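What follows is a single structure, and I will ask about it in a moment.
Chain nomenclature is as follows: A, B, C and D, assigned in order of appearance, with residue numbering initiated at 1 for each chain independently.
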């Protein structure tokens, strides 16, 4: 479990129907970089990740109020790896306290990305994400601004994060209408207890416009590690200041039910000689519609544990996946309105 | 309750941001025309509707396997009202048993609409709806075909029925990309127990592209009339052949809970001197995002009762609407992901 | 003054920067046809007009509730002139009492024009006008519908009536954006006491997009004939039922002032050996930005009088036009904001 | 009245349907910066404005022949506030005495903006305005040039100033036709005695294309401060060299009538415990169609007085606004042509 063997089966995928090839696992910096962990540990994490084939490092202007980007930038500068061998993505929306430093105005997209690049000490990032939709900015302005930063060589691609399929389709529509560059990827939450968007909606829109799927929180902010089995431990994320919502989520009725299911899954994990966390990550990787799973490790041990999930993937046969679905009881249906269609079809049969 | 006063306050709205002006209430022919009711009653219903200001009659090629259209067409021919004073809409998807008579191929859209017009004895309908999405046909073919039937004067507008916001946006996107005619309206289910699409998703897409909202099943196939209070009566819709799904819906646990809520709403209805059905219809009309509510009456008495809902609308003050929301306990939230935004905003405050 | 000489100097102009060539004078049917005058007189008027070189007859679906079109149609059928030798224009907006028979929806544009053609007993009109703007219908729908009736050979051109320059420009914009057919002409009120739109705004938009100008009410509904000099005579238009607004206009303070100016102009007319009405019409014709002036005669004598205005035009030299401007005191300025520009220019000079 | 309380209720609005968020009040530099006031006072004004939530500073190349920009630039450099926290706008049209330094040619738009940026010591402004329309330059050249300076990162947005709705619509049309960037805002005069454009025309075009409204001269160059109550004082703006037009405006008949109305409004102001100037500014802010009101203070006291108008806004209830309209007697009507529509509708009723 500690250390990674040479034969780490890291795979690479095109990020949707786009040219960029990403490792199945990426390393996120949310909560950890510039905040929860020291810069030394951060450096160790980046190094281990890179050496084990992870080629994507994800951050955001808002993470630790810019310090995540500063930390990541310092490490990348120090390591001095060839820039073309790795991918950096950042996200824009909350860039400061001023009214003009928030949202997806052209002003903030351009100024925000320039500030991010300064903190990262980079000439460009590979992907810049809109960290959430901004319904107060017209989609034309948003897509034009992202196209402009690409044309200005400040990034290669742009993506969306926590956008609805309708919003993604609107961005695509505007891009087609005005000959601009469409987004290539949606970054979204995905784990055992949050499945609908990644399993139903994104494959649908992928089929239509080739948008890639990058997921975060494979362990649901630690919920899926089993660490909250007996409540909220002192040094866990749910005990951090500002994470009251996470604590509530663990302790409410729904949370209790989830802990029961996790206990069942733990038995399965034991059978596969892996941890619950590894099972949860491997389960994400097993979904062929997911192009990159972002890890959020806060220690070297955790990162090794997470990366080793790659060895578990092959054990998740179709029949095992069915077992997991049975335990979870939350496999999303393709269409809620199915009953009506059935009725219509029945009517037709009556002819 | 029987008969309609001269002062019927029928209002007319543009169907979304489009030129067509529809009455708040429309008359549907689902289940009833060519099926459950005689042609004489159908004629009475159409006449009462027209004389009370309803200007929209909705049907579909699949209703009673074409017989609904035939009945509606006969009545309109007999009444000989000026064609420009009313609106006829039909829907295409299931046009026959042959493989080529289903779905939204150009072949079926054109052939299907022509067959509908023959059954209706009309030169054109006003709106033709895609009765459901067809993921096996490319959106370009679908939008091109609907544009073609408009250009061929077989209809004035096209709309969607039971499409997701993403699919509607895709149709719009294709229309913009290839200079075709976008859809003007989504027809969808809406009643006290099914709210999310009409209250959350369609207003969002209306804001973006002006799509209108036409709703059906304001009484949830009779569920909201209170008639299933003690189970499934012999002559109710849920007892019809092919409606087993409706019977199940009434009798399952969820159905039982809904009956409890309906008992509470009945008390409110009594206070307003109206029936539960009238309260349920007025509640739909009260939603300013709904442009037309389709009624599905199967008797003269029912239709009068339903139309008289117009007198109830003004009683549904904001405070009454809040009471109803409390009883129903199903008011949809704008965004499920709110917790994440809150978290991000908290992070920013930490700066 | 009675009868028209062979040498009637009727000129023909392109209707804006468009191919259609119209006579300087056109014959309108407002108030008169199907209403104020008998069909026999109407026929005489049309015949005199046609024989004196007028090639444009203008009507509208709303005039006398359709009867103006019926009368015009009967006469044209009876006269059996070659269809290609004259131009018929009609206007759509108020087609009936039903909600769906008003405005500029695609439904009403198509149905309304078909009804007009039936009443006119014509296969097509030359120009169909939107009788006023319809802010509740999207401009895209309006321009698409007018393009469709042109493509369906129901008319050759479309125009606007009483639209603002901004609305005309919006229609043009939509036509360019979606490769549709832009309007060719604005029809608007123009006479001695209403000048701004025709003298300032329309030349400006003509310069940009070539839109033609067709004007009506050269005599301000009779105000400029001098007949209201001593109040409202019994058989004048201002005494007709439904024209109370015109009566008010004559008798109010502003009306009194206008009568004073008309007395001064009458002296000028006497000098030119013409009537006040002829002076007023010639003054319209003298404006080179006007492509067609619609006459609204209700008797043979009036029509001869009006047509003979053509002989007065050459007498309106620049110096006479200046005199008239002085009498009227209402020559519109190009820009109200001129003072500000002057200021800015002064500022610049200070450098 | 002196000093601003902590609870200054500065609000922020999107500038029309665009992403940029501006404070309700902006600070203009017309007449004052580089001219009427010293650089020290200018610095105080900018500082007070920024510290009280004003995030927009407006200038123009022509103001004090470039010195306004130089002064503003020096102050912004000295203060060293984060560039992303504020918005700078400038305006182009009169850039120098040479023929090629005026108007809206591509040459002047690009050269003029670069000169402005040099004077401002900035890499970019946020918005560049066309200071007036240029009918001698083709609209295509104008819109292409503004799109180019945006793509060259010399500004984020472009707007218009003192353009007619038709001209704005033409710019929009050209942008759509050639896939260029449309203007986001019209800057125009608005105060108690000049209302039509902001209250009638701009809301109409906002509805169509989302253009924002930024207004100047809320005090009509000081007219509305009551300072001209007894003629033109020695040190007022109307006594400045080059402002003879303003002096005339104060002393003519119309000016006298306005002074009467201002006396009535002063009584209202006293009732609200504010000055006439504050009432006049609050009245502008109260118009929801106005997105930003530019102040033009020439002293610290004036600026505090003006900013404190924010406290007056809530006192302007609908009934107070009605009172003000009654006093002013100049509430603009939606459409002058209403009488015609009424007539037409009457005609229809006659059917």
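Keep in mind that, in the parts below, a residue touches a chain if its C-beta (ideal position, glycine included) is under 8 Å from a C-beta of that chain, and two chains touch if they have at least 3 such contacts.
Chain by chain, the UniProt names read as follows: A, B, C, D = Voltage-gated potassium channel subunit beta-1.
Since this is a predicted model, take the numbers as computed values, not measurements.
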Superposition rotation for subunit B onto subunit C, Cα-based, multiple of 5°: 90
Classification of the subunit A:subunit D interface as same or different, half of numbers criterion: different
Computed distance of Cα centres, subunit D from subunit A, in Å: 45
Length of the line joining the C-alpha centres of subunit B and subunit D, rounded to whole Å: 47
Rounded Å distance, subunit A centre to subunit B centre (Cα mean): 38
Numbers and ranges of subunit B residues touching at least 2 other chains: none
Overall pattern in which the protein chains touch one another (line/ring/star/complete/other): ring
Residue ranges of subunit D in contact with subunit A within the complex: 12, 14, 17-23, 55, 82-87, 126, 150-151, 153, 156-157, 179, 181, 210
Residues of subunit A that touch subunit B when the two form their complex: 62-65, 93-94, 96-97, 131-132, 139, 162, 164-166, 168-170, 172-173, 176-177, 189, 201, 204-205, 207-208, 242-243, 245, 337, 339-348, 350-351
Complex contacts: residues of subunit A adjacent to subunit D: 95-96, 98-108, 110-112, 115, 134, 136-138, 141-142, 144, 148, 151-152, 178-179
